[in-house]
Amino acid sequence: MTSILKVGIVGGTGYSGVELLRLLTHHPRVQIHAVTSRTEAGRPVSTLFPNLRGHLDCVFTQPTQANLVECDIVFFATPNGTAMHSTPDLLEAGVKVIDLSADFRIKDVKIWEKWYGMAHHCPDLIAEAVYGLPEWNRDEIVTARLIANPGCYPTAVQLGFLPLLQAGLIDPQYLIADAKSGASGAGRKANIGTLMGEMGESFKAYSASGHRHWPEICQSLHQYAGTPVDFTFVPHLIPMIRGIEATLYTRLLEDISLDDIQACFVKYYQNEPFVDILPVQSHPETRNVRGVNMCHLSIHRPQNNKTLVILSVIDNLVKGAAGQAIQNMNIMSGFPETTGLTGVALLP
Amino acid sequence: MTSILKVGIVGGTGYSGVELLRLLTHHPRVQIHAVTSRTEAGRPVSTLFPNLRGHLDCVFTQPTQANLVECDIVFFATPNGTAMHSTPDLLEAGVKVIDLSADFRIKDVKIWEKWYGMAHHCPDLIAEAVYGLPEWNRDEIVTARLIANPGCYPTAVQLGFLPLLQAGLIDPQYLIADAKSGASGAGRKANIGTLMGEMGESFKAYSASGHRHWPEICQSLHQYAGTPVDFTFVPHLIPMIRGIEATLYTRLLEDISLDDIQACFVKYYQNEPFVDILPVQSHPETRNVRGVNMCHLSIHRPQNNKTLVILSVIDNLVKGAAGQAIQNMNIMSGFPETTGLTGVALLP
Amino acid sequence: MTSILKVGIVGGTGYSGVELLRLLTHHPRVQIHAVTSRTEAGRPVSTLFPNLRGHLDCVFTQPTQANLVECDIVFFATPNGTAMHSTPDLLEAGVKVIDLSADFRIKDVKIWEKWYGMAHHCPDLIAEAVYGLPEWNRDEIVTARLIANPGCYPTAVQLGFLPLLQAGLIDPQYLIADAKSGASGAGRKANIGTLMGEMGESFKAYSASGHRHWPEICQSLHQYAGTPVDFTFVPHLIPMIRGIEATLYTRLLEDISLDDIQACFVKYYQNEPFVDILPVQSHPETRNVRGVNMCHLSIHRPQNNKTLVILSVIDNLVKGAAGQAIQNMNIMSGFPETTGLTGVALLP
Amino acid sequence: MTSILKVGIVGGTGYSGVELLRLLTHHPRVQIHAVTSRTEAGRPVSTLFPNLRGHLDCVFTQPTQANLVECDIVFFATPNGTAMHSTPDLLEAGVKVIDLSADFRIKDVKIWEKWYGMAHHCPDLIAEAVYGLPEWNRDEIVTARLIANPGCYPTAVQLGFLPLLQAGLIDPQYLIADAKSGASGAGRKANIGTLMGEMGESFKAYSASGHRHWPEICQSLHQYAGTPVDFTFVPHLIPMIRGIEATLYTRLLEDISLDDIQACFVKYYQNEPFVDILPVQSHPETRNVRGVNMCHLSIHRPQNNKTLVILSVIDNLVKGAAGQAIQNMNIMSGFPETTGLTGVALLP
């Protein structure tokens, strides 16, 4: 008998929420038990998101504990600072939690509190939380009760540096990520800055002096390198909806050929279903992964210099959020890891 | 034993072609036997369309008869004037043909030749060809050898007028379709007019004095009304990729309430899996059907006047092309009509 | 001696406001005396709108009467319902007012109050207010104290119907405007519906059952025709920033050739600097008028039928708002009408 | 008596060409004498570019020598490899030449021939050609006969590194430019890669292993630093039309405060009308310079580390092409440098 997982989604009105719903409505091992929203409670989900008409027949509910403890797993697709309030009781009740927000990503609570500007509600759970990047720590995910689902930029950046740092091929004091994201990364909330009239037909860097994803990435790169790193991160806003592209710059420690570097990546990711190493000197495009749980990577070494360039693209809402969360859910539940995640990207 | 259909796709390098591939790679009853391209023969399909990496392991081949006669069904996703040359031999060989181009859509060959500017190669097959709009003539499709898959604009427009004309509620001498399409409708070919630099951040009507889809729509509306119609059609170009919106204007023959009109639509399409009548006075958005084989319709009667407004949206590449072609294939093959067509639209 | 006009702008933080500033900073007869904003008072205007760096050295102020009565003319670029509160005192103080909002556009105050959902604060001034469409009533504008600057859709629609209704060539019971606008028409305010993530890559009709610009247009068309009209209006949202395209449908009363209709337009607008009749069967593009005070019109008569199609494009922020306001200011001030309005559209 | 310059534009059908026309039609010291195009000869310019209707009453002509030698200055807005064929005769005839293409930008003809894949037609003129970046070498431009107008990326990148290299504050062995351009940079030519359907709603790096602007930038940075540099350059394509953003990464040689770095920029560009240093830690947006001859720069030093981040934006068609060409023309002609270049950027 095939078991069916009862899942809850807290914060179902945002882009990560509707993306979870898009992917989960056709997941063969999942039953959507509750989709909560304080502001939309009582309203059919498909009136807010008509793409779900005919696919999901449920109503937003208040995020009450009673409702959520009936679930096997609860996803938090909420603003930062929300999940940490409900998580202790859910875990206590035996419900697993996958948090798509940043509440449990940073191990050093002081750093977290500095960057997120609030006190942490359950610092004792931070140590238990498992950072959910399966390509790095799948084994820990298997047995986790609480997953800190990685940020979108961090996913794109880490997957590009991970094999090189593990192999010791690059200088950990020379790591730069020039990252670009579509508008959906800023969420579905009323905000002048992400109006079509403000960000259409324009491009800019933002938070260049410091972005919350910087400490998250530093923490991981430190682990991969086994030593503190010097890492610079500048995010940018692309006038489009979905997709992240990260162009990574680093320096080779010794003169190793591009083919050998390529081989290093191919080997590292050889069993990974959701990381695809393109042929050397390819140029990944965000549209090639639109709507799917996939990271495309390619490697360049311009003029055969010491500086290495890695190009990484993901869909920020899928491998950068909802898709990776489901990948973690599959791992935690003993399902084949690709269950429900085998779609083809929408091109064009 | 479940039969597997061997399909061929002629003209696999265009947008309809890659969309057929996206949808067919996961169709449970289909095996892709041949994807042809004169210009790309020998090249792996997934190097041209990296969204297919890991999903389709085949190479473009020359469109030879030998290759194609091994198929059960061949799709033509070619420019107008190509399918008509290969179709006679394929039918002769027992291969069914679904033509996504316009070669077999117009019953009056003189009209076809006038609008398409060439002589028809096999006028004798035109009568046999079945116009593939299942919501109108599903029964004929079941037994067809040759399907003329409807144009994108014609699909959006016809589905909006069909119930009203059949019910005799509107004046067939007062039919207007103001239609708008994304850039993918113009195809994937080098062309200054559809460059991002030319059509980005701009909007315009085109072919306002006469577009090839006008005679196709007229022919159908005539059938639905049982009388010649006076129909005006103006297409426009939207600065985006996918989606058609058609705003239809007509006049009520008698004073019938909006609720009754709504009921007429609901009843007409009650068993249709791919036409969805939104609540009265809704505003369908193209994104709500992005990537899926679906038409969303809604009805307005401003100021309770005699003029009726019907809003219709489809994805031009799916219900307007590849999806509808697969729907026809399912019907012709005895598969459940929704097989392989149950995805959720990509929103946002 | 050349007189310099002191102008004030109330509501300088919206799109019409910044567009007034862009155009007025280089107007040779104007000095910008006050730019007001309740929320931004004290902040240099160019920190909010860096395109004005080096062009405008002033600070947002509170919209106090003291400040504004020193002006010769005050523009209201405010939400509906604001201008009517300050206008009586300004007029009393001898300041002329150009209201870019809708407060004084509708002559029948009951209709205004119904559509705008509030009581009018100074109904006695409505009769005095002059509707500022120079191509219709330039003479009245010359001597006006209070201008109701036309709406964006109304401008595009009226200029297309005006010559035909005046000439009595078309049926006033058969008037349809299918209009489309870029996102800037919705203003610069925090709003989920006009986020890039919501309206990017999508197209939809809105307010199809009734939009506030409908009574405004009806009122004018009635005047042009000399008889009540049957007019249907459906607005749509284009995934871009600037530009309105209106496709107008009407029916000829008699069989008049396209060339004669063209001649009618050319003659009507022969002395108009801001209306340009394109060659017959052209397709105006919104980008061709981006950033300039211009309306491009063209005429089609598909299949030589009775139905006539007029295509009209403007920049909603210029001929549809700030540019037309300055045109009115020029007329009221005895300046050459094109002063400060001679730029070339930004293409591409 | 004010002299009027007779100018010719060779290659008037591309984006740089139409931008020259947009700017020059209102330049008070210029008369447009000839606009040439092999393919469009005989056609009124304003039928191809309707934004010029009413502003420019001339016809495309064949690019004959007879026509061009009557000019005082000829702009080449042609593909690479064209200007070098006509330039010797024009200079001989006393006509000054401003080449917007790359024919005269690289001093080492072997490097030029390697990157541009053709033999140079007049290598003897390369030494005489003056690289037209006024902020670097205004004095040479004053007396030049032949200007090599800088590339778009090179302009954005050089202006960001120039003050730092001149001041000796940064390590010339650590220079990275992650640059992004809108579609107009690829020109107005039929090309699948820059179709709306291909590059809309997507983002990618291209030419990451080597782009033609790399040697051009290297040559200049070498001069500014007085020593060979280690420079890495990765261009990207933004789904929009106009604008370049370059994010520059370098390393400080000593611990100098952000305020002192800012002061270095402010001082270097204090007399420059077309370079604007934003307040420290600002984020320049491409829209703030849309349509104008301006570079906005800002500086960041994340976490007060050694790595410095400089953000640079220009409009690729203006400061990156036509505007800078006119700036050079003004300098060569003794006009005030800002003549005809004082517009305000189109925002939104």
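Each chain gets a letter, A, B, C and D, in the order it is written, and its residues are counted from 1.
The rule is short, and it goes like this: contacts are C-beta pairs under 8 Å (C-beta built on N, C-alpha and C of every residue); 3 or more make two chains touch, one makes a residue touch a chain.
What you are looking at is a predicted structure, and each value in this text was computed from that prediction instead of being measured.
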For chain B and chain C, chains touching each: A, D
Of A-D and B-D, whichever chain pair has more C-beta contact pairs: A-D
Residue-number overlap at the chain A/chain B interface, same or different (half cut): same
Gap in Å, rounded to a whole number, between the CA centres of chain B and chain A: 36
Distance from chain D to chain A - Cα centre to Cα centre, in angstrom: 39
Centre distance in Å when chain B and chain D are each reduced to the mean of their C-alpha atoms: 45
Interface hub residues of chain C, defined as touching at least two other chains: 15, 182, 184, 188, 197-198, 200-201, 239-242, 284-285, 287, 290, 348
Contact footprint of chain D on chain C as seen in their complex: 15, 18, 22, 25-26, 49-55, 184, 188, 200-201, 241-242, 276, 278, 284-285, 287-292, 296, 342-348
Complex interface listing, chain D residues touching chain A: 176, 178, 180, 182, 197-198, 200-206, 208-210, 214, 230, 232-234, 236, 238-243, 245, 247, 249, 281, 283-287, 290, 300-303, 305-307, 309, 311, 313, 348
Interfacial residue positions of chain B with respect to chain D in the complex: 15, 182-184, 186, 188-192, 194-201, 239-241
